[in-house]
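Each of the two complexes below includes subunit A, the first together with subunit B, the second together with subunit C.
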Partner chain A sequence: MKIKNIGLTRRGLARSLVVPFAVLALGPLATAHAEPVHGGSMTMSLDPQPSILVSALNSSSPVYVVSSKIFDGLVSYDENFNLIPRLAESWEVSDDGLTITFHLREGVTFHDGEPMTSEDVAYTFMEILKQRHPRGKSTFQFLEAVETPDDLTAVFKFSTASPYVMRALAGAESPIMPKHVYDGTDVMKNPANTAPIGTGPFKFGEYERGSHIILTRNENYWDGDKPYLDQLVIRLISDSASRAAALESGEVQYGAQYVIPLSDVARMDANPQLEVSTDGWGYNTSVNYMDFNLRRDQWQDVRVRQAIVHAIDKDFLVDNVWHGFATPADGPITNRQADFHTTDVPHYDFDLDKAAALLDEAGYPVKEDGKRFSMTIDYSPSGDTYSQTAEILKQNLAKIGVEATLRAADGPTYVRRIWTDNDFDVNIFAASNIADPVIGLHRFYWSDNIKKGVAYSNGAGYASEEMDEILEAAQVEVNLEKRKELYKKMQQLAMTDLSTYPIVYINWFSVYDKSVKGLNQTALGVYENFANVYLED
Partner chain B sequence: MKNLAPYLARRIGQGLITIAAIIVLNFMILHLAPGDTVDLLAGEFGAGDPEYLAQLRAEFGLDQPLYVQLGQYFLNIAQFDLGYSYRNATPVLDLILDRLPATLILMLTTILIAFTSGLLLGVVAARRVNTWTDDLISVLALLCYATPLFWLGLMGIVLFSVKLGLLPTGGMYTIGGRFNVWQSTLDVMWHLILPACTLAVYHMAIYTRLMRASMLEVYNLDFIRTARSKGLRRGRIAFGHVLPNAILPMVTMLGVQVGTLLGGAVMVETVFNWPGLGRLAFDAVFQRDYNLLLGTVIFASALVVLINIATDLFYAVLDPRIEVA
Partner chain C sequence: MEALSDFWRRFRRRRTAVFGLALMAVIVLLAALGPMVVPGSPWEIVGTPFTFPFVDPAHPLGTDVLGRDILRGILNGARVSLLVGLSAAAAALTIGIVIGACAGYFRGWLDDLLMRFTDVFQTIPNFLFAFVLVAMFGTSLVNVVIAIALVSWPPIARLVRAETLSLREREFVQSCIVIGMGEGSIIFRQILPNAMPPVIVMSSIMVATAILTEAGLSFLGLGDPNVMSWGTMIGIGRSALRTAWYMAAIPGVCILLTVLALNLVGEGLNDALNPHLKNR
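Take a look at the complex of A and B:
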């Protein structure tokens, strides 16, 4: 069986048999108005400053942004997660899902002139990603070997079917690394980590810490006359008000994710020179969750957890905290992953009377001092939105007699308190669904993922045999329809058990000058390689 | 100044002890904060497994007992090795030397602007004490002293960069610009205007108030009355007699403020994206980058110690009654 995208799309098999070029032609490229223009330099902003520039060794967001321009992966993804060929021209998946054969593009070279071969692919997956990528060990746990029958064929051998791996092959997540640069060196201290050598559309130019990164056009890029830009300047601006000013003055032409405060978006949107867009976040869409620490006595009765979530006013949060850049959540899988998302889950509307009644039932009556019990709320330090959500929850809880105390912390303190010391009652945070539920979601609900010291693991301490069975089945299920059914059950169970509770789906946005074209054409958004980006005259 | 050599030796010896104490203190305080670099990295990665994190801790030497880490650090320092910043994947010394020129340029320019304008305004205010000129200067100084720096900086950007388009919003030079030496110098100066003026405003206010008070104090001394009674012109009294005697507190303040400037520049460096040391140290705290923070602390404290010695020597030059001993 030769198929192009092993049933990962909504449109099913018929569409998946279409040759890759047709997928491209049907995609957003066809809607571009004018002929792309060559030349010019685009400046974008980035914060925080990336530590290294190779995403195979560091999965933090700013590293992904820079690395994805320098390194291509085997494939990319359009907004519906259809596969777009990159370094792999085509691929076949065996019926049992245990073998995936990639046919590599001919004539691709690294920036230092060395040809890219199947040896590099094998080295990348077995020696770098499986060993050194922070999530590589779990994503590629069933990948046993990569065979290289010839220079342009890489055969992936799995011990257990791992269909989700097909969604972890973009350049940002799994960049193809040069074996000749890394083999036999101390990988973590290799100088190429801050001056990378890849196959992508842009070559590394210079990195001035605290100031900027310059990437220059790769003249030998495989894709026709792309990239269009001569140069990409990435300015490291740490103050959000300064970033806003740089966009308004035209010094910076593009910024994404947390680029400006949400309260400034309306002003940017009103600026005739600037565009605000929520396109291009399919791959990296985030969900704002709240973990109940199930080790605590007061959460043992599910009615108490129900009461707390009934006190969350999602609509109010969307309007006032997120300024409209969020959607009230249904289940734990975001609506941007349309094939697995479902609305058919228990919902807990904002209803303080019901919350109070549930607490009465559960044996937490209002005491003489007007209170039922007290609790703490911890929240992620990575933005005002989480502290504001916590403050609003605190006020609502006070109305039903629950006294909440907010606890602020800086990054390392927060991580240690929540995931190492498990010292919290509830924790408000955001996490990405990362392309496939196996990679982005299982970590919160699978009992195997109750791991001390690992940030963004199962911090709630949730362990359910039923849930484990569903997740383990979904992980190896090759049939898309069956997988969808499993995730529907998974979400219904998650919304019944209330361990990690989804509050809103976050709609991240990018802000850019209207002269910049070709952004946000795929699900990768800011993690795309920018080969298609150009500046209109 | 016959005692200069032993004096300097003693002061530098004291300085070294001070710096060692600062290292130990900072080391302890930093380790009191919960979480380490690996916790931060784990948070940023949004993933990881316990084995991987343990492997990182071992690589970074964080699995050793605290006293071993501290001892190792002093051993390295003795060999002039400031260590490696794992968060930045670069040796600490490289990181600091990269940022040092930017910090020095900003600091020296700021001091120059603040000191001279503060001196002038203080003198003018003191000479016209209790007139509208004096009131105006005093109110201005108070305003400058009380205005938050980041707000002032942002307003500067909004006015001069966004609205008028005269000055750049931030950075230290035009990135990717192909300039000769002369053009590059002008380019840096052009980028320097807003951050230096913003930072100088606050310090100027301090110097103005100090200079005014100091001048007025000297005006009340007996020898000034003598000078007046022997018929010296007002200008001659102000600049020939009062100013030289009133300037000593300003020099003291200068020595103290260099230290504050290093720290206080963080806000301005952040707003104007100026690649200086303050920002480097600030980030190092939140990244639990022990080596980098201690490295910047050593540099900054050495600078402060040296400047204080220089200030004390300068006293002796300014005022012959003071001797180094």
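Take a look at the complex of A and C:
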């Protein structure tokens, strides 16, 4: 395990030291090569296969990957969450935060030739995102109306300031949809959901289920002579070993997130033709959490919860389960959201003696059979990392006399058991912080989000008046400094109450052929629209 | 006694059968004694992850992705695989024999009913059906055994029915009816003992199939996650197949050898019990 760490550090060093040097030394040569080239077809892998191709209606990751190429949003974000103009050229936010005015780009058309206007923007937010998007309902809950004084101006009116909305406007999360295609139809059943019509750099070509999706170049894209690629082929490959082989053989040139087994990353990294990069994940920042089901008797005493989290060996998990592609977590907000992240929270180091002492104190002594109590561990079925985390936790708990039983389940069973039946003791899962805590984090800690049947809501059943007050204040706070302060308090409280416990911050990565350029330039990563991507010959 | 030595004479006529039996004996011995010789839980993290076999004497077969000893896993897995194989086959035999014997002996509407019921089970692909059952009822070892038993009894029922249909017309059965023997006695004491040879042959194959099915379920993450079976080990090693092939290969070879041994024994039994081959 040591060797792997050295490998990563070495690469990190190489990136920080060698790159500036190389740029200095080879300056003229490098610029000569930096000129983007038109043409060519890029193949990327995707799994699992998306049910529809419009991310306004379905927020699962593969849908986002495809939809974001076909639909642009009002803006995009760089790695520091600065806004990059897309369909909106400029915008103004009123001082009270209740009005946001967007000035739209002129001459943008949908793939069917119809011009994109403020009517489309109003329809998208009011009729689709606010009604149909799984997160949009809460993100845009205070959005009262979108006024359209002229074709290129959209004025968003809020009943309560919603500063986080400015972070939910990228094409993946809030794609601008064609009103003329959807208005007056059954939105969920519209045929355009599987053959989308957007304004993005790529047009829908064909979708062969179980095989591939083909997107073709939008000749009339607004951004100069972009996109550079003639065609984007998205191959649906469900087996991770096959994806690794496809990347190595050059059959596939780009893949992201769960693309290859973590144990294969070192080998990919050593391949001179391939690049492994953790850039471009600012927007899609996953955290590996563990929920305590607070409805259960044995978790009522916080010392018992403390004991369990003291049995989590985060360093071992980072080295052996995540192969270095994770960071031990501090609070519930990932370190990639640098403005809200804080290390100033209670920490629970791996300490089995302390865990045992806490259980003694809490009235769970070791009984005659050598055990204190039994519990079950449920874990997300999406990938080996969660089952391995559960296996390791089980071993460590056994050492302090807590007998844990693992419960495996397929996807739908798992979701029903955790979020509908609430039938679990602890649950190990991952969720994205997305771009703003209101969008990605409130769902786990706000008592209003104890919703039976809503996957990835407050499954712990955590209800704290103090927490609710902080979250409700942070949601409407316009002043960034005050918001930061509120989220610091929020994280300290979360780490004291231990309902949803962050284990590690996951560092997703992408693997791509070195001939592919222009990837990972923004915080959107794989959810970017790929207008800047080109193939070097 | 004479019958037994006669049986053994015919069985050993096929060398591969004897080899299969010897192999089976070794596997059973490993399962029985192994965990005593190499003590400790197979889940315990004991070494550096990704240690290849024959590198570290403390872990002769290497360690898996999390540093668990593969030898411990193999020995414990042998117990699990054999246990699952035997109990699932036993359960399937019980269901199959009862249904097949009733259908074949009573015929008429009961036969129709039972055979249509059997058809229902036979038309669903075995593995998928087991998969669905385990997904529905939870991934415990008992549920896995029940699921495998529920999907594998139909061939037994068909076989026993066919045998019963022909046996019930023989003179010795007819004479039993004439002297007023009860139906239960006729079925269990007269017909079934005579119908057994092909069932015994089939049951050895059935144990092998059950082991394979369990491995398949575990490989897909639907085995009991608290039990280290060979299938579980292959599932664990799957993601590391390209970098550490031995993690999946070692338990894979174990399954291969066990299934092979059971099949060879099955062929030997067929030779020894099949009346048509008796005088060959």
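Quick note on the criterion: the second predicted complex is superposed on the first by the 504 of 537 C-alpha atoms of A that agree within 3 Å, B and C clash if a C-alpha of one lies under 4 Å from a C-alpha of the other, contacts with A are read in each partner's own complex, and residues count from 1 in each chain.
Quick note on the criterion: a residue touches a chain if its C-beta (ideal position, glycine included) is under 8 Å from a C-beta of that chain, and two chains touch if they have at least 3 such contacts.
On a predicted model such as this, the values are computed, not experimentally measured, just so you know.
Novice: Looking at the overlay, what does A:V37 touch: subunit B (first), subunit C (second), both, or neither?
Specialist: neither
Novice: Which of the two partners, first being subunit B and second being subunit C, lies in contact with A:D264: first, second, both, or neither?
Specialist: second
Novice: Which partner chains sit in contact with A:S59 here, subunit B, subunit C, both or neither? Use first/second/both/neither.
Specialist: first
Novice: Looking at subunit A, does subunit B or subunit C touch a larger number of its residues?
Specialist: Between subunit B and subunit C, B touches the greater number of residues in subunit A.
Novice: Examine A:A408 and indicate which partner it touches, taking first as subunit B and second as subunit C; both and neither are also allowed.
Specialist: Second partner only, subunit C.
Novice: Quick check for you: in the superposed arrangement, does A:A241 touch first (subunit B), second (subunit C), both or neither?
Specialist: both
Novice: Touching A:R209, do we find subunit B (first), subunit C (second), both, or neither?
Specialist: first
Novice: I'd like to know which partner A:V321 touches here: subunit B for first, subunit C for second, both or neither.
Specialist: In the superposition, A:V321 touches subunit C alone.
Novice: I'd like to check the shared interface: which positions of subunit A are touched by both subunit B and subunit C across the two complexes?
Specialist: Comparing the two interfaces on subunit A, one with subunit B and one with subunit C, the shared residues are 241, 245, 409-410, 413.
Novice: Which residues of subunit A touch subunit C once you look at their complex with the stated criterion?
Specialist: My answer: residues 1, 240-241, 244-245, 261-264, 266-267, 320-321, 381, 384, 387-388, 390-392, 394-395, 405-410, 413.
Novice: Within their complex, state which residues of subunit B touch subunit A.
Specialist: Touch list, subunit B to subunit A: 33-37, 39-53, 59, 87-90, 95, 98-99, 150, 154, 157-158, 161-162, 165, 168-172, 175-176, 270-273, 275-276, 279-280, 283, 286-288.
Novice: For a test of understanding, state which residues of subunit A touch subunit B in their complex under the given definition.
Specialist: Going through subunit A, the ones touching subunit B are 41, 43, 48-49, 51-52, 58-61, 134-135, 137-138, 188-189, 193-194, 208-212, 214, 231, 233, 235-239, 241-242, 245-246, 248-249, 251, 409-417, 419-420, 431-432, 443, 451-456.
Novice: If we count contacts the way the header does, which residues on subunit C are in touch with subunit A in the complex?
Specialist: Result: residues 43-45, 48-50, 65-67, 135-136, 138-139, 221-226, 236, 238-244 of subunit C touch subunit A.
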